[in-house]
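We just call them A, B, C and D in the order they show up, numbering each chain from 1.
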Amino acid sequence: MNTFNSWLLFIIILIPLIGAASLIFIPKEQKNWIQWIATTLGFITMVLSIYAFAAYSHDAGGFQFANSWVWLELPSNPLFGQQAIELNLGIDGISAPMIMLTGIVMFTGILASRSIQESHKEFFVLYFLLISGVFGVFASLDLFFLFFFYELSVLPMYLLIGIWGSSTDFKTFIRTKEYGAMKLMLYLVAGSVLIWISILAIFTESGLGTFSIPALAKVGFDTTFQLIVFPLVTLGFGILAGLWPFHTWSPDGHVAAPTAVSMVHAGVLMKLGAYGIIRVGLFLLPEGAEQWAPVLLGLGTVNVIYGALSALGQRDLKYVIGYSSVSHMGYVLMGIATLNVIGLSGAVLQMFSHGIMTALFFVVVGVIYERTHTRDIEVLEGIAKHMGWVAVLFLIAGLTSLGLPGLSGFVAELLVFIGLFQTYPIAGILGIIGAGITAIYILRLVAKVFFGKLNEKVWNSLLDNKFSKQPDSNYWERASSVVLAITILIVGLFPFPFMEVINTGVNEILASMAGSL
Amino acid sequence: MTSLVFFYLASVIILGGGLTVILSSNIIYAALGLMASLIGVAGIFILSFAPFLALVQILIYGGAIVIVIIFALMLTKLEDFRTLSDHKHWPIALIASLVTLGTIIAAAFYTPTNLVSRRGVDFDKIAHELFSQWAIPFEVASLVLLIALMGGVIMVRKTNSRDDK
Amino acid sequence: MDSNNTIGLHAAWVIPLLSAAAFLIIVFSMRLVGFFFSDRNKLAMLAPIVSITAILAGFILFWLVLLDVLNFDGGSISMAWLIVGPAEIRWGIFVDKISVAMIGLVTFISLLVQVYSIGYMKGDRHFEWYFAIHALFATAMLTLVLADNLLFLYFAWELVGLGSYLLIGFWWEKRSAAEAAKKAFITTRIGDVCLLIGIILLFRETGTFNISEIFHIAESGEINNAILNSSVLLIFIGAMGKSAQFPFHVWLPDAMEGPTPVSALIHAATMVAAGVYLVARMMPIFELAPEIMLIVMIIGLITFIFAGSMALVMNDIKKILAYSTISHLGLMMLCLGTGGVAAAIFHLIVHGIAKALLFLGAGSLMHSISNETNIWKMGGLRHRMPITAVTFFIGAASLAGLPPLAGFFSKDELLLSVLHDGQYVVFAITLLGVFLSALYMARVAIVPFFGSVPKNLAQSHESGSIIWVPLVILATLSAGVGFLILPLGSTYPGWAEFINPKHHFEIKPWLMILSIILTLIALILGWSIYVKKLVSAKQISQFIPYLHKTILNKYYIDDFYQWVIDKCILTFGRLVALFDRVVINDTVVDGSAISIYLSALKTRVFQTGYLFTYGAAMAIGASGLTILWWVLLD
Amino acid sequence: MIELTHFQILSGFLFAIGLYGVLARRNAILVLMSIELMLNAVNINLIGYSIFMNASESHRALGHVIIIFVITVAAAELALAIAIILRLYRNKSSINTDDINIMKW
């Protein structure tokens, strides 16, 4: 079992890659084969990722399932001595839930993409590449590979959105899928430039000649250096986390992306950013974090309120959810900026919770869009009559989003708020008000789109003929959304086991911060 | 002293040929000027105790290259060339070439003074160097020639309209 | 869990769990039934049976808890739910006399409403779902009254909100129902936001969510006065939202869009009671903030008069009852503002029973006259529906304060509490409110049941037994429960002392007589206006037409809110969205991309494509670089 | 007495003449010829250094070797260039370099 454990993360990263490689060799026409292979591999990966979380011992703490492979021997030089770039894997209490999140969202995403019409094979190949990259980022303990996997996860997004996405005409403006893909790509690459600069800066400044995060964490960088590099790191990763005012790629990307990609994008990819801020920013540059926290907090607060208000003013379902993601990622940033145990734990749990919740949102909206070919709130009305499952699941996601107790969002936001009140009460109050605005836009949307009298004529004109027999979600989509809904409920009602693990990770980060301050 | 006389003679041939190339409006004269200039360079090689290079120069440049150019002239329409005047921005070209000339002459006077009087390189030595230390580049050069040959053939062969866009 | 717990305490935490289990069973069986049986209707009765069994068991356990509390004074048990660093959040229950009284009220009313609903909701498309939400609602409310810490209370508080949302919006295919549900959730949500801020502020100061620990710390004076005041105020705003106090009252009349039994439940036992209960429960820290107590009192008073006036002019029977509820809730708040916990809780119970009775009665009425709600289109129904009529009269008379019905005692107690506080102006205005409430009760009870029967209602008849049996039970209780105020035997020293041992049962004969006289005047006035038609109601309304119109339009508060939401908040949201798209996205983001594109258009002319340009540039560049190199080298 | 400077100045002039030809002539074949002149200028420079430098014989032999390579590459380049010109002539019926600006913008 020990050998298995030490190879576990490697296997988790490898399986999607194998999936991508093996799908290449399957003829295009064998749609069933492709889907079944994708589903099976996805399921195995999900099980392994859940196992990684469950088997993470919160008593022992630290980096577990750790293993490393030398990738490149650096030439010996007088400055650094003999060193090597290693593929250094391991997870702690913060990355463990993220691994599980990725597993769940990825699998449900595969279930939800059964309805993809064209180029199945290529879609799943790229999707698996993306997933492998995401797992890699969460599991890497090495800045070099963190960046490597980060890029691996970012690049397929362009093709996934550009090819399988959808363009929409919003009367006053048009958003094509190419536009969305290009914007997303440019933003993320801009972010990764900043990240790469700061990674190299850290590498050179440390003088260790290693990219290993645990080794770098012990260095204790110069204060001025930290003050300069921390904003670079935060901005670079923050772009990915939807940091205001660098958030516009996210709603546009969502609108253009196909369902599964939206799910992974909002559910997991945005978390990469927040995770990077914690892992690189807080862990390696604690003093910089300490100094810059108020700024991050301010931006996070803007994110929350601004995102919520923007969501209020949208007409397109996906835009509403896109801006709600911006708003919710604001809570994560705020939680990170508190730099105390409660707030930071809340932020990590919010990452998990939001990932699941927003994935659920996108599954459901994807179903609506596929059936009716519209996402316009003004056009849709009373569709709960024919789409019972969709309505109920959307309501669950919506209630999670507005922080209803018993669902995961409440626990996470509550912890963020408590953490905020310990340090910045005003921001805490604004955060709670943001949750209030969230209630307004979610409930308005639910009341408008799902409730009310259904105009059968309009409905029949909207409904795609393919689905006239069963307008409600099919079994695959149901399975996908029910898995997500159940996860939300479990975390909401019994957060204790999750918090135990998250707490270990957060405590270690804060301890290392306290140690270096 | 005689060598200097010969050097000046060669120089006059070279530069005169060169000027013919760039000034003559008749392209055949230009080709002949080029040939004269190249043969003058061969003379310079002889003055530098490099008879092998001089031979190569006359064979390849004076023979093959100029002949190829004249073939090219004959394959294209000769009438065009006579009417083809110089570029209208030729003063800029003049300035650019004068600036370059100035730079090179200035560089000539900056040359380190650690020089000895003129002496040749042993022919055996060249052969030895070429086939020991420079064997691989030498082979690569043959490959380059081969590829250039094939490329030239592919490029000028008659093509059907499909890839002729 | 602590070990020295009595059996009653363990019984207490089972009560909400029973309903929760019922909820889960119904929800899951709904799909299973549909899956295994093609004919779902045959098994439709499964849902009410499950949920009623659960609530009935809860009601039986209530007696166990009550006995326990009478003998042992209650206690608390808890378990850890979440431990994060220094913060430990526990789930726990706390049983004392107030919570026991509330459990009794909630389980009892829920039980009757659910039984009644079997008859009322028969044949509805989502019959099972209805009972599932009822079970959820009961769970939430029972948890709320039992919670021993503020966070757990907030947890249940929000679930109560969810329950009301689902129940009000039960007929979601009606646009108005969907809107009403949304309105209820959002309005109470505004209060909830404040409540949460208050709770977290208190946590920040005390480091605990536990209510009794907070009391200890607060009483020892360790909390900064300003923070204590603001958090108490915020908690009160939360209570205002749920208890529909002015200016958050707008959702309650709209909540009528739900099925009538739901209104009965929301008005009597669950939703609106939560706010009053919260203030009563948090009374020890309210008392530490006298300014806030004053605010509580003033808000209560405003609500009392203000809603009473609206109840007087509404024509919809359910709306009249709704405003009457708001008015009575205002009275309870007013009483709480004077520190009269016992009186307020007692009135909560009395009012709950009576209001449940009135709503169920109104439901019975509407059920038989094809859902007509305008009281002026009814009349003379006392002969057609005798049981409904009699029970309705009892309920109305109780709320009007006619002795010896329960409302008389509770109102007396409230007035006494206000009088004790020594605010004579407030007392005088309260008396006015009492008069108003008797008057509108007379109106709503008299108009539908007296006079001549309209033609279209000639076929109306008494409802079935499953509907009238709950009415009779409630009517009996409504008549009899008032005697609880009196000391009964040795174990029960009267209500006031039962709730708070420092208080003693007392009676002021002049106050009783005064209130009886007021009530009688109001009833006679009502009788003469609406039955004898001695004074035309129209003439009175013409007396000050603007006032009448204003009141009829609910003082334009609903319109104002609608305007604020539609015009201000939504417009602001749209503006932000527009700002995001036009300024941030189009100008800054796309603008920077476009400016690069445009500058490329300008600079691309350097790429002429002519050999000459490139060659000359190269030559000059190479020379230039060489010269530069020399210059730098020297 | 011949000195290195003579070689350099000769080479410079030839190079400048070649450069002027490349830039100023519009006939592609003349441009090609001018390029040959420039290459020869380089060769003159190389041979000059080879015979005047104070270095070991094997080092000085490098100059000769490079000249051989230059001549080789010049031949290859010429072959390709002539092919390109012929191709152009066939496609565009012109060997005027000003007509060839498809790389523009």
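Quick note on the criterion: a contact is a pair of C-beta atoms (placed from the backbone, for glycine too) under 8 Å apart; a residue touches a chain by one contact, two chains touch by 3 or more.
A quick note: this is a predicted structure, and the numbers were derived from the prediction, not measured.
Shared contact partners of chain B and chain D, listed by label, are C. If you compare B-C with A-C, the chain pair joined by more contacting C-beta pairs is A-C. Chain B and chain C have Cα centroids separated by 98 Å.
Measuring from the averaged C-alpha position of chain A to that of chain D gives a distance of 60 Å.
Between chain A and chain C the centroid-to-centroid distance comes to 37 Å (mean Cα coordinates, whole Å).
Rounded to whole angstrom, the centroid-to-centroid distance between chain C and chain D, based on C-alpha atoms, equals 93 Å. In chain B, 87, 89, 92-93, 96-97, 100, 107 are the positions where the chain touches two or more neighbouring chains simultaneously.
Under the contact definition stated at the top, not a single residue of chain A touches 2 or more other chains. Shared contact sites, meaning residues of chain D that touch two or more other chains, fall at 19, 23-24, 98.
By the document's touch criterion, interfaces exist between A-C, B-C, B-D, C-D. Remark: chain B residues 87, 89, 92-93, 95-97, 99-100, 102-103, 106-107, 110 touch chain C in the complex. Remark: chain C residues 612, 615-616, 619-620, 622-623, 626-627, 630 touch chain B in the complex. Taken together, the chain C residues at the contact with chain D in this complex read 604-605, 607-612, 615-616, 619. Of all the residues in chain D, the ones that touch chain C in their complex are 19, 22-24, 31, 97-98, 100-105. Per the touch definition, chain B reaches chain D in the complex via residues 1, 3-4, 7, 11, 14-15, 18-19, 21-22, 27, 30-31, 34, 37-38, 41, 44-45, 47-50, 52-53, 56-57, 60-61, 64-65, 68-69, 71-73, 75-77, 80-81, 84-87, 89-90, 92-94, 96-98, 100-101, 104-105, 107-109, 111, 114-122, 125-126, 128-130, 134, 137, 141, 144-145, 147-149, 151-153, 155-156, 164.
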